[in-house]
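In the two assemblies presented below, chain A is common to both, partnered first by chain B and then by chain C.
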Partner chain A sequence: MNSAAVFDFTCPVKTNSGNKALEHLPVELAGLNAVNPLIVANARAVGPKAVRTLMNAFGDSKMTLGLFEGVTEAADLGVVDHLKNICLEKKYDAFIALGGGKAADVAKVLNLAVSLKTPDARQLSPKTPVRKRLLPLVVVPTAGADGLETSGFAHLNRMIFSSEFLAPGLAVLDSRLARARKGILMAATGLAALGRAVESHVSADRNPFQKAYSFAAVRFVRENLPAAVADPGNKKAALAVLNAAAMSGCAFSNAASGRLHKLGQVFYELLGIPQGVIMGMCLSRVLEDGFREGSCDPAALLQPLAGDDAFARTPAGKRAEAALALLNRFLEELRGALGKDLPKSLSEAGVSGYRKEEILDVLGKDEDGHYLRGVVEGMAGGKRERKG
Partner chain B sequence: MLLPDYYEFCCRVKIVAGHDALEKIPDLLIERGAKKPLVITDKGVAGAGLIDIVSRALGDRVQADLIADDVPPDSDLRVVNRLARLYRDNACDAIIAVGGGSVMDTAKGINIVVSENAEDLMAFSGVGALKRPLKPLVAVPTTAGTGSEVTQVAVIKDHEKHLKMAFGSYFLLPDISILDSRMTLTMPPFITAMTGMDAMSHAVEAYYCLQKNPLSDAHALSAVGMIYRHLPLVVKNPDDREGRLAMAVAACLAGIAFSNSMVGLVHNLGHATGSVCGVPHGLCMAILLPYGLEYNLHKMADVMAELLLPMAGEQVYLATPAEQRAQKVVSLIRGLNEDLHAITGGRHARCLQEIKDREGKPSVPRDVLPQIAAAALLDGASIYNPEDTDYEDNLMVLEAAWEGKPLDRSRVKKG
Partner chain C sequence: MSIIKDVQSGKKPLKRAYVAIFLWFTGRAIQAAAKVDSEVKKEFEKLPEDFTFSLGCLPCGPWMVVGREKGVVKYLGGDSRGRPVQVRLAIKSLDAGFLILSFQESTALATARNRLITDGEIPQALAIIRILDIVEVYLLPKLIASLAVKRYPSWWSFGRKLGGRIGVYTRTLLGI
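Up next is the complex of A and B:
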């Protein structure tokens, strides 16, 4: 514990996880004084069955449900403004984001616009002050979640909205929605969770509360992702990966935005490549570089990655290397299981030189731009570029 | 790490920790639109000079000169109503509670009255009666043990009607908990020892009782390691600021763990012993904890064994064969109690017969054990204990704990 300075930690998210977790939603919402929730979803991403499962969970609860299933990857503040007007007219008093990615981003910013009764939501920006609790927001991540659902961040119009009040009050992780159609979807979810949890767990200013979330997330990915990828029908393993994603978002909300996150986010925002795919490509390099620079402590990863016995048997001075080696092996095995479905380089991911330049331009504006651009160059052909 | 078929986990409290954490309160209140908090505490806390430290830290950016320092050791509806009137008459807009369990309970009761404009607190008792956020509540614990700075329950007594009202709601969670080493720096060694063991019992029971889940597990593991390492050190050296802060953080982690996974036999018998004999809760927890582990060992040995690494470190862990690790955890807890007994010059009792009142008389005479065993049947904590318990089981554990002898595990009825 770094006790030199005052630290703080917040996780406003309650977690309900397991069989028929969705069926608890009416009671949860009633407990928050909400009776008229609006479901916000990208129906194309989550599929009609997920929408039906969610709506059926309300059974005879007598709640009035609104449904907007037209969120797309291109959703922006214009969509938020349109929805805000509908919400104010129909008096929706809570929001349920079904699925990850843009559906969660739109729901968070929509909640901000409706709670603040913003006249024109297109004028919202990260500078808009958020000083009070917003209306109840529930996220229901599905396979393909990226972990950011449970965070206090929302990405819209290439802006990052950030506040602990933006985080949902409840995350419902239901076994029925955890399974993916393909192993790669599960891998993307698990690797995004791993990337953010690892980055939080090795950071120099981590605190014990944040570590509880990142420890559990890393261990769950390590123990369950291979099974979930090998058999996308494995409900228990898929739910564990979804749990890891939710935990990683809570840890990430309390950590400084790291390199892995930035790289994953820029590719997702500009090219729609799942963040986990990018994080999987550069996880080892970013950690090894951080270790060499002394900015991160991979030794902390050995216990959640290797388990208690292997951790205890490894001398303290060798734990960082052991953790990095284990992580590399884990990623290699995942690549082995998924074959071409999990690209190892930008060229395998179909990123053209032109699009790569676009990414490099955006990263160049970051304070850590020089380094991040170097990582992207190294990912181009799948070959590692070693420094020094 | 096991994923239960279903679990819920919630701790929405913003935790602020450090040697100067109190100084953050004005900003945190202003962020929440509050600038005139009512400070509530008890005479003991105020007498120890802790309110002076809080007042200095608050400075003049918020108006925090209204201080009620007469919260009784046992929460009281009349006090709740009186302080709620004080809050309203002075147009306060937040509450800062500085103290232990009773102060926290009282603060939560006041908050219900002033936020809901309640005339009758009883209307909000039970679970789930509150439907919306209350006024900002800042909890400043002054012991490192109870975890009440992160729990969502409150108990208020109506002494006129002889009623005990219990409240449970996520809206009762404090908005902010401040863990500041200065708040526990002057706590006497024997109180430090028993409150620290209270926290240890929260973490250990949370780890092996039935409602455990991955997040309560992660909090509990971290707490167990920190408490085992730091508790004897701070009892020996009360001025150890780093140790004090670590214990405050660990007690908070343990509080989060147990309020999300519940507790078992140790708390079950501890509550009953406390109510029948009026002995301090933390002392009961310290004494009963090894027995709770022994009683449940045949069902949860693998789980209990996982506590050895955070407690004793790699060398002891590797030197202990896997099948003996749970038993080793039990002996380490017993050893910790022995150490605390030695460091406090015998004030930290190791068994029930060693607990003495102010006059030096035994607080738990052997002949009250049947009464305690019976009272424990009425306490809900037994529901979450891995092995079933009945009157005879309770009595068997209490007798062993009274004598200070390890439990004869061959007598435990295996369900």
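Up next is the complex of A and C:
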């Protein structure tokens, strides 16, 4: 890494993390000049208890909150347009996305539509210019978050909206919302964070700020994901995994969209399989191939994965292999702990042949399509395809 | 029917009552300690004449206001309106206030966890924290006070602790 090179790094996200972090929301919103926020949630995904916990955090603040808890995986720009009209009428001045995935995406695009006062939100597209700051956006990720909540990206209607102004101004990570009911939810969050952080950390054009975020994210996942998976009720470990997801989103916002992200996203959008599950399946292969092609440097992963002492003890020439071996062992341990809950192949994940073809068609349109299709074919039977 | 529900934020009457009673009692105890304890007296003497500070919870209270009036330290109630306040120590939420004032979190830990906002001069705010620490040592048994203050003053003489406690409690309860 050339630290003297010219680089850009933007991270407008303030993070409030820890016990009772949610209770700071009224003051934080006041600091953002917001008094009438709208909560956007997928109540089915996060559960009524999470909604109640968030509402209780506003207790004694004398605020009136708007609550829309009907976000579904099928939410599109039509829903955003309907919400936008109500928001303009009721003059909501901030948005709070509760949970990850679609709720955060809808909140980001809704914020865009309301801030720009777009006459018809269905006309919004990634080409819509965003040249000014939008209304305050707060994200409150819960277990099952994918890390993209803190990024400047929003995926809706199979379009990718991208702007630094889409990124939230505040991320609130509360230990009460971090706990999951099942280990697989924690694994999906942790693996999505790991995948994006790893891609950001090993990319050739990484900069020191990006590296700082991805380093911490990888280390947090390495140190806490096994405990969070073994006991999804472990507040400390679950919160650390949520922190890692938030950091991976910040690092990812400043990196080029990588292969792992593309694979994870396409499976999530078409089949609803969590990105982390797919990233966990193909992480080793994508890294090994990148190392062989010379497009990434896995040696940089050894320090966050193995710790400072092990990194110092390993000769520079062997760090890449050591990091890859360690990563494989980590993933195997995770699979061992989760058993059948964490699929090793697409067939175990229940992806039928014709759905796989659909995925292959979409990936074929990508500039890296040929490679990505090869990875999917390799994942289909759980076998490792090697070149040459 | 709109797909967006408007919900009024709820209330937390028990926590609010606990924090309000604690602040009321502590305010009166500061007034008492300024007469009983020489260290508290000295701290106040270093502060400007007509100095006033408040401690409470955002966004809607409760608050405690203490100030010097003609050289005498007085608890001025829970409303600072109509009076210039030089230092405002604000706890970010009622829940955070409850954590701190029920000794689940020490002041130092709460500060490290970004739960406190200081509006005013830092040296004056630090003087207030030192005064609060001394008052808490007088008011609370050692076990609880150790949780509330950063370092329990084991070097205090038995006479200072006992005499101070009697003086502070008597004056606090009588409001003198």
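In the analysis below, the second predicted complex is superposed on the first by the 384 of 388 C-alpha atoms of A that agree within 3 Å, B and C clash if a C-alpha of one lies under 4 Å from a C-alpha of the other, contacts with A are read in each partner's own complex, and residues count from 1 in each chain.
Following the convention adopted for this analysis, a contact is a pair of C-beta atoms (placed from the backbone, for glycine too) under 8 Å apart; a residue touches a chain by one contact, two chains touch by 3 or more.
Here the structure is a predicted model, which is why all the values come from computation and not from measurement.
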item	value
Contacts of A:G18 with chain B and chain C, given as first, second, both or neither	both
Chain B versus chain C as contact partner of A:D60, first or second or both or neither	second
First, second, both or neither for A:E358, with chain B first and chain C second	neither
Partner chain(s) touched by A:E269 [first = chain B, second = chain C, both, neither]	neither
Partner chain in contact with A:D297 - chain B first, chain C second, else both or neither	neither
Which of chain B and chain C A:E348 touches, first, second, both or neither	neither
Comparison of chain B and chain C by chain A residues contacted	B
First (chain B), second (chain C), both or neither touched by A:K132	first
Residues of chain A at both interfaces, chain B in one complex, chain C in the other	16, 18-20
Parts of chain C lying in touch with chain A, wherever the complex brings them together	2-12, 15-16, 58-60, 92-96, 99, 113-115, 117
Partner chain A, residues of chain B touching it in the complex	1, 3-21, 23-24, 31-33, 128, 131-133, 169-170, 213-215, 217-219, 221-222, 226, 242, 245-246, 249-250, 252-253, 256, 306, 309, 314, 317-318
Residues of chain A that touch chain C when the two form their complex	16, 18-20, 23-24, 26-27, 30, 38, 55-68, 70, 82-83, 86-87, 90
Residue numbers on chain A that touch chain B, as the complex places them	1, 3, 5-21, 31-33, 131-133, 164, 169, 207-209, 211-213, 215-216, 219-220, 223-224, 236, 239-240, 243, 247, 308, 311-313
